[in-house]
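Structures given as structure tokens follow.
There are two complexes below, and they share chain A, which is joined by chain B in the first and by chain C in the second.
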Partner chain A sequence: MIELLNALLVIVLVLNLFALGNSRILSVIRIVAVQGALLGVIPLLVHERITTPALIAAVAAIGLKGIAIPAIMIRSLRAAEIKREVEPLVGLLPSIILGALATAVVLLFSRKLGAASEAASNMIIPASISTVLVGFILLITRFKALSQVLGYLVLENGIFIFGMLLIEAIPLVVEMGLLLDLFVGIFVISIITNHINQAFSSMDTRELVSLKE
Partner chain B sequence: MIDTVVHLLLLLLLPPLLLGVINKTKALFAGRVGAPFLQSYYDLWKLFRKGMVFSSATTWIFRAGPLVTFAAVLMAGLLVPLGPFDAPVAFAGDLILFAYLFGLARFFTTAAALDTGSAFEGMGAAREVTFSCLSEPALFFGFLVLAKQYGSLSLTGMLHGPAGGMPASVVAPIVLVAIGLFIVMLAETCRIPVDDPNTHLELTMIHEVMVLDHSGPLLGTVLYSASIRLFVLGSVLLHLVAPFQFGDPLLDWLAFVAELLALSVAIGVIESIMARLRMRRVPYLLTGALLLCGSGFILLVR
Partner chain C sequence: MLSLILVFAAIAAFALGGLPSCIISPRTSAGRVLAAVFSLAGGLLGLAGLAVFAFGSSLGEAFTLAQGGPASLDLAWVLPWGSFSVALDPLSAVFLAPVFAIPALGSLYGLGYRSDREDRGVRRLLDPFYGILAASMALVLIARDGVLFLIAWEVMAMAAFFAATSEDEGDEVRRAGWVYLIATHIGTLCLFAMFSLWNAETGSFALLPSQGILASGGILFVLAVAGFGFKAGLMPLHVWLPAAHANAPSQVSGVMSGVMLKLGIYGIIRVCSLMPIAPAWWGTTLLVAGAVTGIAGIAFAIGQSDIKRMLAYSSIENIGIIAMGMGLALLGRTNERWDWILLGLGAALFHVWNHALFKSLLFFASGGVVHAAETRDMDALGGIARRAPALAGLFLVASLAICALPPLNGFAGEWLLYLGLFRTLDIGGVGGGIISAPVAAVAAVALALIGSLAVAAFVRLYGAVFLGSPRSGQAEMVHEPRAAMLIPMAILAAACLALGVFPRIALIPIEAAVRSWAPTIPAGASIANIASLWWTAPLGTVLAAIALTMALLTRSFRRRARGAAATRAASTAAPGAISGAPGTWDCGYARPTPRMQYTGSSFGASIVHMLAFVLWPRGGREKAKGFFPASWRHEASVPDAILDRAIMPVVEWGGSYLPRIRVFQRGQTHMYVLYVLIITIALLVFSWMGA
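Our next item is the complex of A and B:
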């Protein structure tokens, strides 16, 4: 079990780097969807035996993060008629290297954090912190509204991994609430981006900072 | 003794079949019947019966290029253990010889390309050398992880691993290294995300452009070496992704061949569903491979 868990977490880290290095928003959506679906499997692996709450959490996470949210985002991507992030603040290669550096630093220093020893797998904490950092990098360096949503999703994935540490402590209701919030958030953002697109003909968040009179 | 003979036979006879399997997979994806599995053998046979044409601008380097390349990859093939069996040649530090046999092959291929004096081939040589700057460190980082993990500096020792399966702490770095080495393999064997073996467009070619002037048996040698290279790197990778062994020699050899064919199918699937990367993007992919293998090392030593 723990081998599989470690392998999954490492694949999540690799997907982070792929998400950073891809300029096509559609591909990034797919990568984040795969990442979300993989994360959905983790609750089943953390437990010794499969319980009903874990099963519900897994199914809900896979259904929402792997299928529903990507479907909504692909719809709004089609409506917005944009294909790629043309000019990120930091280029693609530098942002891959930045993400890898963040991952490496987190891997090196996660031992210093006290909680790491008690976890089911010593990969959970570094994987979650570095996924959060990669989410931040995506959020900061991309300007298209949809890319920023993807950054937010990666960030949430990181938080989801961290939640695996507390899976015994967090009741199912809280987790379901989190997923619902996420879903509603993405839903609203997708609708808003459609409206932005119709009203302003640009999805660049830099041009959304000034008010029109 | 028998294992060594089988190793040699597989190394010499199996590689063109892998190309056949890849092409068949691609044909199936495209809805075609495709060339027969043995087409690469027919092609080689045809090429080896033909005459050769040499440009008057070329020297002995042009002729030596394919031969040295062939000898180097064959030697590299002898250093790699196939499946659960030991390699015919193994000594401490042979991983460095392994990496630089590929370096030697690359040097002679590019030198032969430059020897023709064609600007076109020089461009391909420049690309090949540039990309190898990134794939070679990735290969070394991958080997470093394996050598550190299993405490052996010979390929046989470090690829076989411990008898009782892998401990849990190794899985994470091994997964990283396996993904990194897979990308390196695609780059070294000039498969699709990096190079397209079918195109003859000057904008995109890397490897094909360097062998444009070779003809007849020399071209056959080049193609044969390329397939052996795929075989050798593939069998290195198989140790990481499918470290199974049954204990029975016959079963183990069959399993190894089956795994290798499955790997070829996987490469064929990737070639069918992915487009070739733009030339500018190739370094990104290779840097990614380098970073993956490097993170594997960090994960191991932290």
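Our next item is the complex of A and C:
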């Protein structure tokens, strides 16, 4: 069981790096969708027996992150008629290196953070933190609105992994609420990006600076 | 309990009354009428509550069921600190009376202030916040818990901000709003510190008198004077006051000046009542601060040419007088001289009422002028008494009252203070008596100086605005205001006269409040025993009779003079004759024009010049060229010494360096996410290092 879990988490980490290194937004959406679907399986593996909350969390995560959200995003990507992130703040290769470095540092230092001993796998905490960091890197370095949405998704995936530690402590309602928030948020952003695109003929969030005051 | 229920009903009526204005279309007058009806109802309910509180014991069986207990309430609430603890005591009641009366009258006045057409957006902001302002002031006064007090205090400050800046089209209004906002929050910060310290000292936020001496009593007192002084407008802390009052709608200025400033006074009195043992320097501090505030306030008032600014400075002066009364009372408590307490605090509380009455009347009346003339510059006004005699008469009553001339209420209040200050001359106290007595004696002189300067200031104001002939076309636009504006003013003027002629009516509740502040006062002592006031009624009658005779004489004289002039004009009417032939006292001017009149600035110039070392007037004149200069300029203004000469330069200096920090605000989400990331990592590292 734990081997399977660790393998899954490693795949998640690798997918992180893929997401960082790909300039085609469609591919990044697919990568994040696969990541989300894989994460949906984790609740079933963390504990010895399959409980109802874990099952519901798994189904909801796979349904939303693996299918619904990517579908919405691909739709809005088609409507927006853009293909790739043209000039990220940090280049693709440097951002892969940055992500890899962050992952390495987190893996090195996660033992010092404590709490790892109680977890089913000692990979959960480092995987979650490094996924969060990758989410941050995506958010900071990409300028297209859709790429930023992907950054938020990866960020949430990291939080979701962390939540696996606590799936019995955190009420199911909270977890579901989180997912619902995410879903609605992305739904809204996708609609808005469409409208922004129509109104300003650009999806570059740098153009939105004039709203700062 | 019934009294408290009525007070709560009043608070609810005030707070909710303005809300319909937000919803109902501003094209109809329904919203504003509803708001006025609600606040009138609130005012009446509140005053009824106070009446029940005052006469409750004698009202008989009808209320016994409803009363059922003391006028206090203590409920737990969800907040982690404090509790919802309210109570009504004589001190609160004295301050509550103007809180209920003045806003109610002001909302009636507001009905006539602007027409529906002029209103539009302003009402949506003004009505709700005006109501909330009144409600929160009442809540401040009944709160007996530090946390509840602070909440109510902050709501009051914010409501006043929104109400005062509701006409926010002008830059000047917005600037005044900013200065107010900053000043009030610095004050609130001091109060936060004070209540936290109080909590640390006594173990709870409950505002109950402490037993014995508190270790940090001195710091508490200083924080209270600073925090509440910002609201009241004690002299170096008054910076927000002139501009905010000048730029607010007139009923808001009236409520702010007449009522809200007094809540600062209430705060100081309340905090002092919590610490029954006071060292001598507390009283001396307040006495000196009061004298400085009074003299400087009225001196700045003389230099202003903006009517409402001038009235605002005069409010500062009156706060000074009240602070002097409080100082005397504190000295009395230190020296165990109950007559100082009775006269000092009695005078202070009496003056709180008086100032609420005549200053709101002055602001309402000046609002009538300013609204019609569309200018606040008194050098552009003039001759309004002929166009709006009722308005002029009401303004005159209030001016006389504020100058403390008998038989009006201002006199009765200051008379008590004079008597009290003179009583400090017989040095009989212990300890602090020897130091405090000379201070108090000097304070009497300061009070006299304030009084004489006030007379000069208001002669100048009344003369420049109401007498003479109009100095500009704007002054000619002034007309008698509508009945909705005149009725509240007439009620206020009548109250001024009533309290002046029968001051003993006011002294009954005020004495109860003084007793609740200093419970050690012996039972037999009363203000009426030490300060004879029986003669105010006969004096008032005599003065009224004299005034009436004078008025009749003037009228018949004028009629005769006009008849003579008419016959002379008829006899000299010849082709080519100069119309308006020079009279006997025209100093040889054949064609006098309104611009040759003394202006307010020229009237005040001598005093401003005399006090130049305090006022630092600005201005100058061009050098006249030739024997018959075609044009010549002269400018004079008195900017606020603290705000414009001390604070603004510092702020501007900072303003030229601090924008560099704005680099961090790029408006790009990425940067903000980066900041979040940096902070998160820093926290992680920090917690890791800690572990």
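Throughout what follows, the second predicted complex is superposed on the first by the 210 of 213 C-alpha atoms of A that agree within 3 Å, B and C clash if a C-alpha of one lies under 4 Å from a C-alpha of the other, contacts with A are read in each partner's own complex, and residues count from 1 in each chain.
The rule is short, and it goes like this: contacts are C-beta pairs under 8 Å (C-beta built on N, C-alpha and C of every residue); 3 or more make two chains touch, one makes a residue touch a chain.
Remember, predicted model here, so these are calculated numbers, not experimental data.
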| item | value |
| --- | --- |
| Room on chain A for both chain B and chain C (clash or fit) | fit |
| A:I192 touches, of chain B and chain C: first, second, both or neither? | neither |
| Partner chain(s) touched by A:L139 [first = chain B, second = chain C, both, neither] | second |
| Touching partner for A:A7 - first (chain B), second (chain C), both, neither | first |
| Contacts of A:V174 with chain B and chain C, given as first, second, both or neither | neither |
| Chain B versus chain C as contact partner of A:G21, first or second or both or neither | first |
| Which of chain B and chain C A:I97 touches, first, second, both or neither | first |
| Chain B versus chain C as contact partner of A:V184, first or second or both or neither | neither |
| Smallest distance from any CA atom of chain C to any CA atom of chain B, in Å, after fitting | 17 |
| Chain B and chain C contact sites that coincide on chain A, given as residue numbers | none |
| List of chain A residues in touch with chain C within their complex | 89, 109, 112-114, 133, 136, 139-143, 148, 151, 205-206, 208-213 |
| Contacting residues of chain C [partner chain A, same complex] | 665-671, 673-674, 676-677, 688, 691 |
| Of chain B, residues touching chain A in the complex | 166, 168-169, 171-173, 175-176, 179, 283-284, 287-288, 291-292, 294-295, 298-299, 302 |
| Chain A residues touching chain B - in the complex, by the definition given at the top | 2-3, 6-7, 9-11, 13-14, 17-18, 21, 92-93, 96-97, 100, 103-104, 107-108, 110-111, 122-123 |
